[in-house]
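Naming follows writing order (A, B, C and D), and every chain is counted from residue 1.
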Amino acid sequence: MMLDVIDISKSFGGLSVLGNVGFGLKSGQIKGVIGPNGAGKTTLFNIITGVYRPDSGQVHLYTNESRLSLHCMRPHRIAREGVGRTFQKPSIVWQLTVFENALLGAMNQHRRQPVCGRKKLKEWTEYCLEAVSIDPQMWHSEASKVPIAVIKKIEFARAIALAPTLVLFDEICSGLSRMETDELTALIMAYREKEGVSVLFVEHDLRAVKNVCDEVVVIDFGRVIFDGGIHDAFKDPKVIEAYIGEERA
Amino acid sequence: MKANRAIKAKGVFINRNRYMLLILLAGFMLCLCPPFLNTYQVKFLSFLLINILIACSWNLIGGFCNYFSFGHGVFFGIGAYAFAIAWVRFGIYFYLSLILGGIMSAGVALLMSPILRLKGLNFALATLALLEAVRIIFQKWGFTRGLKGFDAGWKFPMTLSDQHFFYLIVLVFILMQISLVGFMASRYGFASAAFKEDELMARGIGINTTVCKILAFILSAFWAGVTGAIYAPMITYISTQSIFGINWSIKPIVVSIFGGIGSLLGPIIGGIILNAIDHFLWERFLEYHTLIYGILLIAIVLFLPKGFMDYKDRLTRLFQKKKPYRPIVDLD
Amino acid sequence: MLYFLIMGMMKGAVFALAGWGFSIILGILGIVNFNHGIFFVLGGYLTAALFALGLPPWLSILCGSVLVGIYAVGVQRLLISRVMSQSHMMVLVLTLGVAIVSREVMGFFFGHDERFLVVSGISDRTFSFFGYIFPALDVIMLLVSVSVFFLFYYLFNHTAAGLTLRIIGENTEIAKILGLDVEGSYDLAMFFCGLWTAMAGSFTVFILPIGLHQDAYWTIMSFLVVIMGGAGNLFGTFISALIVGAILFISSIYVSGYSDAVIYLLLLIILLCKPTGLFKSKMMVEKRI
Amino acid sequence: MNNGMRRRDFLKLCATTTIGATVGVSFSPIQTCAALDKGYVLFGGSLPLTGTYGKVARLYKDAYEFYLETVNHKIVVAGKEYPLKFQLYDDENDPTKTAQLTEKLLTVDKADLLLSAYGTDPVMAQGSICKKYNKLLINGGAATSRLEEEFSGTIFTLVPTGDYYHKTLIDMVSRLAPPLKTAGIIVPDDPIYHEIGQACEDQLKGFGIETVFKDVIPMNTMELGSTVLKMQSKQIDMVVNTGWDKLLASFVNEAMKYKLKFKFIDGGHVTLTPFLAESLGAKRRNICGTTFFLAESRTKDKYYGDSFEFDKKFKDKFGYATEYHIAMAYMIPQLYDMILKNADPKDPFNTDYIRKALFAMNDDLIWGKVRFNEKGRIIKDMLVVQFQGSECKTEIIYPTENATAKLVYPADLLV
């Protein structure tokens, strides 16, 4: 067991967004979190990464030696403990170069052999950028000048630059063409194979989810309505109901 | 070389080492000046440098961290008063009291660091309120008063010559620039570029934004304090009215905006330009120069919103095209 | 004590009048207008000038305020509208420049003397109430500000223009998409801002001497009440203005000379404990900051 | 694009101007010339012509101009006549600028003598520069007692220290019948006024009048509502306003609202600007005040005979009546003139000589008798004036030698 989410509840101004959400994530596993819009997926991520405090419930991260309770840690601590994430709307520093954006993540990683000194840091960053296969000649061009696919890759690179044990992808495929999506998902799989990290994967594009995920958690109106194997998920009436309902609405 | 470029603070349009070199060169040049200048010109340059110093210190918190402080004068003032009390009342060694001035205002900044939780306007107003509150406290409090009963001012004996002060200020200028570049090139300064863009993201990728902000705030307060501490004996008389006046808080903002916010060179250029203009306006237009000054402000915002550094950036881009210092890969 | 409280609140009414203008500009245009104090002072000066021409007080107050409103629209049209797209702080610096220029120009027109109208039957008129004396002008101030508040309330909730303003305040893009006349609404907001602020000044000139260089003070005070009351929240502004007035008055009764210190320390505490102000901020001011 | 072009042009303009400016400023050649080699005499000074004190600074400026007119730009130095020039700058009441400009005057413009700045901080700044260059300064812009301590012998001050401001009035009051028992003092929140207020309190105590009430008024607005309310509960015979006319006007207005009754009102240092008459009108009747200078006092003047003529001529030229700032500013160059007339031709602007001459000075001039004490502070008593009659004419009532009317007491005030 890698990550353990134990009936989280969160409500904003009386409006309940998450109610007793709970699921587990085994190490090295890729788990999709799907559900219609406004189901509370991003809120869930924000709770796991410490942006919000849950009203009730706990989040535990099991690293090889210890157990961390994420629900009472500050976001940057959580990130440094090896929880990398990407953001729903692409958020990088536009004035900096691709390389420097990755560096922003890299300079905060303390888990692996501490990267001290310019040279080490540089090597580590380059390693990360190569891992997400960004064309080296693009490294030193301003982030505002590169296409959206590369932006997504930068976020990916920045996340893995923290040498994480858990990576959270928040709709990383949105706005990408089918080809780009495939490339990105392939990258994620490859990285998982190489580093053996576990991944939490929020996505609307069910095709991508099917490609990537071993298991899915389906959330609707802040409640877990399904948790299990990807293939059973779309046989489950509740899930179908939720999705059909969405299409109807 | 490449690594240096990589650890490049946002807005520094040239490489860190090159900037250092530039500053040292400038300082050296300045040190050569005095023999050729008369006392007035030396004084003019000294006050110009003082404006630049306070503007640079403001730029660290206001420009790089995007916290528009409207009460930066408070640190300037505290520095001046701390120096006055240390040197005149307790007779502490001159240079030590200068440092003390800086340390005192850094301390106040540390105490006041909770106001960094505020954002945008609230922060601006909070700093303004801080300025007023401190001014009134210093005016009423017996300890900070001058040596006479009602007189809230401090008078200093003339100890150092103008040249001496000038060299002192140049030294401080160099030290400050080095510390600023050092900070901006450190992981904290570099991180400031991130949380200026999007704080949520910055924390999401493991940047401790609180620490960054507080460090920047303290550093900028420290240098503002030192500047005030030098200003006080130079002007030889300070009082709460003059030192805690709003103009010491507005000036750095205007200077930085003239030169270009959020760039190391901006305040320096802005300071030179503004002082030169200001100086000429005194001479030519006795009663109209404030009017012209205002018009100039408007003109700058209308025609030159990014300040003169914008101009600089254009230049460097041109000059980078020639030798690809930062190859611009156009992929659209 | 209660008497002092009421007196203070009356004195505070002027802050409410001055503050509302600031509040709508902050809420709808999303800018901090350092030219605000000029509206106040200019209102006072124009009123004095018109009164000197022999107009009756109420008429000179009215005309003065309207003129300032027009001036405000002029500034908005000519200068501010051009830089609205730029960063919040640049606009602020622009208004700072406008304030400097306006002040100097006023100096050339009106001279540098203060203005203070002490008119028998107006300035020294008082009401006696249970043996307590209330200056008539302060009472009128309070009444005016209360009525202005209800007027505002009506305008904002029951007229097309008010609705437009609110939509713009919430989200300018949507307003543009809806095809609303954003520029026009900005002008309207600016006009009301100038009008009410100048009205505060025009009343004040009958109560206190107004000098050319008080504009900074009035800008900061309206800034203060607005932030204290929650930006864009008219009711909050009103209440916080009354509170500020009361505190200033009472503190100058009991700890004279420290009233400013008290008010600023209070502000600091409020900002630190409740950065959004005492009341919920209605309009998304932060959108531009 | 078009816009871009314009911007670029604008930029070029700015850049070039500023580079030129900086170069011009910092590397203009240093010409050195002994006094009078330049063929004219130059007096220089800086005034806060823009900013909060612009109003007062203009008075100084006009007075200086008026002096130049009077002597039609000529001055006699050591028996030889030279053209006289004034060089004024604007320091915005910012001591930083005052310091720079004074330095500039002495080094670049080669000013022979200095004219006074205005305001405590600027004058202190000016003083320390003077000390550095061993020049001296006749100051009419600051009254703080700090001046003696720091600049005794460097700064000669034409206004007495704070404790003289109400001295004459108080010793007039002490002889009144029926006598006044209690007093209330209003103090604007500024060091110099605190100084004055304290002095008043002591002097009143000396004559057995106890101060039962003292209130500090914030400088930003002259809000006196609370002060007057506090006064209501006290039994106050006389009110002393240590501030200036603005405060008096506000006070009278508030006091009338609450129908306060006083036996005697010291309107403070009434600078007799039109402001008081315009705002208060008939309400200022029978209010007393102190002033340095009044045209009616008929003090002597070299060029106009007496102050009355002086006032008339000045009004013709500038369209407003003289008041004390003008007389004082007019004094400064005149004193220099009197001294330089028989200076040593070889070194006419020798500081020691001028200092000695100033200490020796004892003449009847438009500023009354000019006599400096050993610290370089003028020995001068204020005139006590009262607004009398139906049109509130300003009459001098004390000291008796140059009184134009008798004090109206007990008088009905605030009606």
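The rule is short, and it goes like this: contacts are C-beta pairs under 8 Å (C-beta built on N, C-alpha and C of every residue); 3 or more make two chains touch, one makes a residue touch a chain.
Bear in mind that the values here come from a model prediction, so they are computed numbers and not experimental data.
Of all chains in the assembly, those touching chain B and also chain D are C.
Taking the mean Cα position of each chain as its centre, D sits at the greatest distance from chain A.
Averaging C-alpha coordinates per chain places the centre of chain A 41 Å away from that of chain B. Centres computed as Cα averages put chain A at a distance of 73 Å from chain D. Centroids of chain B and chain C (each the mean of its C-alpha atoms) stand 33 Å apart. Between chain A and chain C the centroid-to-centroid distance comes to 49 Å (mean Cα coordinates, whole Å). Within chain D, the positions touching two or more other chains are listed as 50-51, 54, 189.
With touch defined as above, residues shared between interfaces to two or more other chains in chain C number as follows: 104, 257, 260.
In summary, the structure contains touching chain pairs A-B, B-C, B-D, C-D. Listed in rising order, the residues of chain B touching chain A in the complex are 2-8, 10-11, 187, 190-191, 193-194, 197-198, 200-209, 326-332. Of all residues in chain D, those touching chain B in their complex are 6-7, 10-11, 14-15, 17-18, 21-22, 25-28, 30, 49-51, 54, 88-90, 92, 94-97, 99-101, 103-104, 106-108, 120-121, 124-125, 128, 131-132, 144-146, 149-150, 189-192, 194-195, 198. Note for the complex: chain D touches chain C at residues 50-52, 54-55, 58, 189, 215-218, 220-223, 225-227, 229-230, 246, 249-250, 252-253, 256-259, 273-275, 278-281, 283. Interface of chain C with chain B (complex): residues 26, 32, 79, 82-83, 86-91, 93-94, 96-101, 104-105, 216, 220, 223-224, 227, 231, 257-258, 260-261, 264-265, 267-268, 271-272, 275, 285-286, 289.
On the side of chain C, the complex with chain D involves touching residues 4, 7, 11, 104, 107, 111-114, 116-118, 120, 123-124, 126, 133, 135, 138, 207-209, 211-214, 217, 248-249, 252-253, 256-257, 259-260.
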